[in-house]
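Before anything else, here is the set of structures, which you'll find just below.
Shared between the two complexes below is chain A, which pairs with chain B and chain C, respectively.
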Partner chain A sequence: MEGDQELLEIVIPLDLKYKWSAGPHLGTFLLGLKAGKILANRCPSCGRLQLPPTPVCGRCHIAMGQEWVELGHRGTVVSYSFVAEPMYDAGIGDMRQVPYTIAAVVLDGGPDVAFFHRLEESDPQRVRVGMRVEAVFKPPEEREASMEDILHFRTVEP
Partner chain B sequence: MGEKVAIIGLGQTDHKYIRPDIDHEELINQAVRLALEDADLTIRDIDAVIMDNMDLFEGHYLADAMSVDGAGMYMKQGLKINTGGTSGASAVAAGWHHVASGLFKKVLVVGWQKQDAAPSIAALVTAREPFYDRGMAAGAVGIFATMGLRYMQESGCGEEPAALARVIMADNARRNPHAHLKLNLTVDEVLKSRVLVWPVRLLHMSPTSCGACALVLGDEASARRSPKRPVWIKDSVTAHREQSVWRGGCVEPIPTTTALEVAAAKLYKRNGITNPARDIDLWELYTPSSWALFSWMELYSICDKGQAWRLVEKEAIRIEGEIPIEPSGGVVSTNPIGASGVIRVAEAALQLRGEAGERQVTKKAETAVAAAWGACHWIVNFLLSRNA
Partner chain C sequence: MGPVDRDQGAKSMAQKKPSHYNDLVHVIEPSKRFNVLSLEPYVAEGRLAVPYRYFPGPVATRFFVELRDNKRIMGIRCPECSTVYVPPEGTCGRCFRRLEEWVEVGREGTLESFTVPRYSLPIHPGPAPVAYALVRLDGADTGFLHLLGEADTKGLRIGMRVEAVFGEERVGNILDIRYFRPQGS
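Then we have the complex of A and B:
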């Protein structure tokens, strides 16, 4: 069996559709996007915000309750990167379009949380930590209660 | 602290990009046999077997169900573990817990991955929240890019030191017969490789590898009878951060850094380590990208914040240097992910035995830190010593 034996392989396609539940907290956040709002929730114990909203504060291990805080559409970039390499996207079952810029943005009104989205700006020379950006929402009739209701964040000239 | 625990046997396969010549059970079995031979034991001497890999990378559930015999689990106690990138280290920690409890005298730990089955990114991105960040997250590459960019801006480090770090790890890998990528690189070649996610270039990222690594852990009595010099697991710390990278709204450059720093500080405090660069002789830190190395060095307090790239520039991290890091060539050279955490411990143990061959560090090696890191926010570290 050593040496010149033919090596056998088969290809196994896996094409399954899964359902995923948002639950009430993330659901409120997503419905907020549809209404043009970015909502965080506040821990009733330590007072910190959660974005996206979560049902439990990991640090206090208590239920997050229903104190909702609407954050500003403008914020400050705290980190970013430029995605150049095409990669498989399990969300769509196909290769994802590149290039795009991703960033963590601390929105006005929520200094202890960062929001994760794309930047419109794709020139590495023009993106920096500390730059001011603003969320660009899709027109209301095109929104679907998803992160894609925000097109991207555009640069706000200082 | 429980019973004393030593590494009394270790073995690993040669790690490669594709292994069409072998199935995963045989891959596992090769590492298991090597570790048992090294310990001069048979599977009958083993009380429990801990196995790990990254679920879904090979496209099947309950990977252990198809490899019980190869792992030597038949009719034994044991567990299958998956904690993402740290799976291998979590398996070693579980083995350590078993022996330290006094209920088990000899425990076999085996980690493995056969990444030639499918693009691992497809399984990896399912760790992200489908509503929130799965559609944008760029996998591990994106995390290291974010880390690298932030590091450049805060420390004044340019692209060259990261490229040099990659060259040094490649030089180390060429001295490790088991390493996957044994590249002969120059800084210039690294800087010319294509950008995946800026500033991470292709050569900055770990490969996808097939391989397995096994350890035999023993109690003090087993260690005293061991033919090889036992290497003692003095302590281990695991820390978790919140789930998913951005959930919880982290404003840190990369959230796992908190867990890594907290776990390192706890390990040092519990063991009287006040000056890690002086008190630890070598490091196997699990560096999946050369851009991670600087952050790791600073979070493990090997140097002050913003200074790691200068130590790399001085080449202090080389095998012959004052602070040898990743003498094996590291994860950036070899990454059968489920095995990678076990390999860190095995490579550090080989160094402390003085059996690391061409990759043996020049300085006297009495203590080492081995660790693993995962984007799902686990961190696991180990303090290893030649002395009980």
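Then we have the complex of A and C:
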């Protein structure tokens, strides 16, 4: 091509909404979040909890049965990651706000499973394994039966 | 394995844990246990927003600039096999020669094929029915995909004559041609 080339830009505005069937177990869990509850189900054989709930026990590989447990909103941080690198999130159509901390929280009442979510605390100096946190739910009218119905876990005094 | 005593599992776990755990674990009473499979299936909604932009290259850029600035539709001809590509390509698909000879093609052409989805989807450029068209313009040897407008979607015929309808505002992409309109309509 001769001369100065104009740098034309083709914009493809791809924004797709989709629907997916959560199934009876995950569906019950998501509706539980909307109701402000954190639900797990218990294996009829080994007594282990699954969080989020599943149809089959991860250890025994048998059907989970009908035993459900409502867990407390408080728990203990057993692991965490501090994220400083911004990342595009297709679920929100924007870059994620950084820095943020994600943690594995063992909730009271569910000693052998961990719940993964964000911590309110984004200063790595103030996060410790073993610290006590509490789930902060969005107001009921803002909940949409998703993991985002929990805004984050805030630090509480032990 | 024999029948399993479910409560035994819960009791033994409670015995191993500090006593305050008993206050926190709300085991749903047997009378309130429910069969999850009897529940209505729950359908969740998700979103996948991945907009992107790209530079289409020097050949496509010239094609779009001519649409935008001059309402001209340009093709490119192969010196070896004389195929005129619309939209233009950089390399001949048959001869693999670099293409450099630009030709203007008409704003009228023939409907080579069409498809009319009669259901609406977000990915379609408008509400149903949408008429997708394969148009071969006069002077071109290839057809290209576009839309039909101002058309009776039940009266389309392969071989119909169509003409390009440009938009008043053009930005330099394929929709600077808003659609092709059947001639004589």
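Just so it is clear, the second predicted complex is superposed on the first by the 135 of 158 C-alpha atoms of A that agree within 3 Å, B and C clash if a C-alpha of one lies under 4 Å from a C-alpha of the other, contacts with A are read in each partner's own complex, and residues count from 1 in each chain.
Here is the rule we use: contacts are C-beta pairs under 8 Å (C-beta built on N, C-alpha and C of every residue); 3 or more make two chains touch, one makes a residue touch a chain.
Remember, it's a predicted structure, so these values are computed and weren't measured experimentally.
Shared-chain residue A:Leu30: touches chain B and chain C both.
By the touch criterion defined above, A:Ser79 reaches chain B but does not reach chain C.
Once chain A of one complex is fitted onto chain A of the other, the partner contacts of A:Gly47 are limited to chain C, with no touch recorded for chain B. Using the contact criterion defined above for the overlaid structures, shared-chain residue A:Leu7 touches chain B and also reaches chain C.
After overlaying the two complexes on the shared chain, residue contacts for A:His117 are found with chain B alone; chain C is out of touch.
Using the contact criterion defined above for the overlaid structures, shared-chain residue A:Glu70 touches chain C, although it does not reach chain B.
Chain A residues 7, 9, 12, 14, 20, 22, 26, 30, 90-92, 111, 146 lie at the interface with chain B in one structure and with chain C in the other. Chain A contributes residues 7, 9, 12, 14, 20, 22, 26, 30, 40, 49-52, 54, 58, 78-85, 87-92, 100, 102, 104, 106, 110-118, 124, 128-129, 146-148 to its touches with chain B in the complex. For chain A in complex with chain C, the touching residues are 1, 5-28, 30-31, 42-47, 65-72, 90-94, 108-109, 111, 144-146.
Across the interface of their complex, chain A is touched by residues 1, 4, 6, 9-10, 12-13, 17, 21, 24-28, 33-37, 39, 41-56, 58-62, 64-65, 122-123, 172-173 of chain C. Chain B makes touch with chain A in their complex at residues 20-21, 59, 119, 121-123, 125-126, 129-139, 141-142, 145-146, 149-150, 153, 194-198, 200, 242-243, 245-251, 253-254.
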